[in-house]
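The next part holds the structures, each set out as structure tokens.
Both of the next two complexes hold chain A, though its partner changes from chain B to chain C.
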Partner chain A sequence: MIALLHRDLILAVRAGGGFGLGMAFFLIVVILVPLGIGPDMVILSKVSVGVLWVGALLACVLSLDRIFSLDYDDGTLELLLTSPIPLEAVVTVKAFSHWVTTGLPLVIISPVLGLLLGLQVSDIKWVFISLLLGTPAFSVIGAFGAALTVGIRRGGLLLSLLVLPLYIPTLIFGANVASKGLSDISNSSSLLILTAVTLAAFSILPFATALVLRINLR
Partner chain B sequence: MLLSIDNLSVSRGGKSLFEGLNFTVSSGQFVSINGGNGVGKTTLLRSIAGLQPIDKGKIVVHADNFIFAGDANGVKTALTVLENLRFWNAIFGGNNLHEALEKFHLRKLKNRFAGKLSAGQKRRLSLARLLLTDRPIWLLDEPTVSLDKTSKEAFSEILKNHLESGGAAVVATHIDLGLTLGSLNINLEDYQTKSGNINSSAKAFL
Partner chain C sequence: MSLWEYANPVKFLKLSDKVLPFFASFSVIGLAIGLFWGFFLTPDDYRQGSTVKIIYLHVPSALMAINAWFMMLVASVIWLVRRHHVSALAAKAAAPVGVTMTMVALVTGALWGQPMWGTWWAWDPRLTSFLVLFLFYLGYIALWSSTDNPDTAADLTSMLCIVGSVFAILSRYAVNFWNQGLHQGASLSLDKEKNVADVFYQPLLFSIFGFVFLFLTLVLIGTRTEIRLRRAEALRLRKDRE
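Let's look at the complex of A and B:
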């Protein structure tokens, strides 16, 4: 399993691996929004949480189809299905490595971008924490969607239509954690629900994803 | 006995391919699956590997006993030859990495990116995976496609060694691999579903 994680990370950073695609998209969105809205720091800091969260969500969706389609195309997925590693573990590792290469970089640069959007230094930690807890759910839910659409040429549109509704709880509670934290209201209930959604996704969805892959590879 | 197939019927895309297939494979045995295109050779191998559901009959095989090599190579073009093999070696928990490199004449190529290999070299890299594990049954779908004459002979030799050391192989192939000892030839055309009946239309979507 560590070998699979290692391989996926190497493949992501090598040529054509798509690492940085999500991050570049995220950067562009967050840098362009202030240009569109105007330099009013009060307005900017009000919309900043929403911009960061929606930007992160869309950046994740952008690279979802790569989770399984590359391995499907060259036959590796079929071989992994008959390998000693349980498919549920394969799926979990692949979702995790998608998060490491897509979600984690976004989380790491979010404080800098938060400053760009007029957030106070003291408020940035909530943006960071909410993204850190929420983005793993994007990857694991996305892996489920990617498994449903594996083998479909240009399945990107269908994939985003399938996963976007599933992303809504994470988006609502994640943005809620950050915005409540910003205005110094207690956000512990949202924080707990956000964490629960991520944990539930990680504990249930790999089984569904593995089942869907088996059916799709028949 | 490593593998037994009893009264097997299989369909693909809702069309029944063959029915009433019986055979058993024990250690040291080579089974060659013949028949024209679309007769169900690949489907049979995929069924044995558990990749696809069967209609009727029974396949008895232990999941840890076989290794499957399909028509796709499963080679990552962005990784080097050695990295590709190392990955599968870790997955199968094997320790024959250098033997595999040696036997398939990949040592000189080991630091090249798999994307830069020729089709035949990629095929050799893909087949080298078989030596990384001690799993006895090799399920091979057209293993010699795009291999040159020397590589084909080398592969026959590797296959022979595998059989002599107690392994077994079920191979879908059009060519004669020169293996006579303990070999069983199955022509799937003899088991072809006569009417070619279409199953219920709903099944086609499964």
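Let's look at the complex of A and C:
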């Protein structure tokens, strides 16, 4: 499993895997928003949490199809299916490596982008924490959608149609953690639920994802 | 004699052929009585005026929008567990009906909201979760139409339906958490105190009855079409092979 993680990470970083593309997309979204709604810092700081969360979400969706499609095309996935590691573990590892290469960079640059949107330095920690807890759920839910569309040519648009509604609970609770944290209201309940969503997604969804992959590899 | 016998497409076609005229006429009768009584024979509400009569379309369609998804969930589980093709095809046939019901509920809701709340749309939990349900239907239908192999498509959409249901319920509670509502609470419940007044309640029951049978009729017709399409496809493949 560690070898698989290592392989996936190296592939993502080296082989023109689009590592950093998600970050660039996130940056562009955050730059475009002030251009669209005007440079007023008060308004910007009001919408900042939403923009950061939606931007991170879209940047995740952008790279989802790479979780399985390359391995599906060259037959690696079939080899992994016959390997001694259960497919559920393979799926979990792949979702995790997607998070490390896409979600984690987004989380890391989010404080800087928060500054662009007029957030105070003291408030940024909540955006950071909420994204850190929420983006893993994006990767693992996205892996399910990627598995559903792996056999479909040019399934990218369909993939986003399938996955975006599934992201709604994570988005709501995540943005809630951050915005309540900013206005100094107790956000422990939404923080707990957000963590629960992420943990539950990681523990349950890989089974569904593996089942779907087996159907597609039949 | 068990229920599962009707999972045989031939038996299903025979039975559905027999019950379809009854279902269709129940639907017409229920809708005719409910809508006529509701639109012309009930008094205007003392505060809402005549707009209250949208209830005869709004409530039944919203009810069926949710129940259609639930029926698809049950049919999907039956397909995954027992591999009855009729079940998968029934789920497929229910989706367009369900998405239409969701549309009707959203549109009538907007038409009702405009005079009453002063807005076509509000980000109210109920309204939002219906919009989310609408998206789930769209994804489900899109996945059906983009997978070539019918059995694979049935498997994939069933999985989507099951996982989607979990997330749809989660979204329902998430939006409650996210915003306070403008929409009233349940207007039909066993708790009599909260119900709408009897004058409006009785024609509403007829209307709901009509909508239930309308849904059943449409789903049966859709399922029969799907079965026949599947047969035509099989015949074509056999002919190609010869």
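Rule of thumb we're sticking to: the second predicted complex is superposed on the first by the 217 of 218 C-alpha atoms of A that agree within 3 Å, B and C clash if a C-alpha of one lies under 4 Å from a C-alpha of the other, contacts with A are read in each partner's own complex, and residues count from 1 in each chain.
The rule we apply is simple: a contact is a pair of C-beta atoms (placed from the backbone, for glycine too) under 8 Å apart; a residue touches a chain by one contact, two chains touch by 3 or more.
On a predicted model such as this, the values are computed, not experimentally measured, just so you know.
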Touching partner for A:Leu4 - first (chain B), second (chain C), both, neither: first
Partner chain(s) touched by A:Thr82 [first = chain B, second = chain C, both, neither]: first
Chain B versus chain C as contact partner of A:Asn176, first or second or both or neither: second
Chain B versus chain C as contact partner of A:Gly151, first or second or both or neither: second
Contacts of A:Ser69 with chain B and chain C, given as first, second, both or neither: neither
Partner chain in contact with A:Leu162 - chain B first, chain C second, else both or neither: second
Which superposed partner A:Leu217 touches (first chain B, second chain C, both, neither): first
Chain B versus chain C as contact partner of A:Thr102, first or second or both or neither: neither
Overlapping contact positions on chain A, where the chain C interface meets the chain B interface: 215, 218
Touching residues on chain A, where the partner in the complex is chain B: 2-4, 6-7, 10-11, 14-17, 74-76, 78-85, 215, 217-218
Touching residues on chain B, where the partner in the complex is chain A: 49-53, 64, 66-79, 83, 86-88, 90-93, 129, 206
Interfacial residue positions of chain A with respect to chain C in the complex: 144, 148-149, 151-152, 155, 158, 161-162, 164-166, 168-169, 172-173, 176, 190, 193, 197, 205, 208, 211-212, 215-216, 218
Chain C to chain A touching residues, read off their complex: 132, 135-136, 138-139, 142-143, 146-147, 152, 155-156, 159-160, 162-164, 167-168, 170-171, 174-175, 177-178
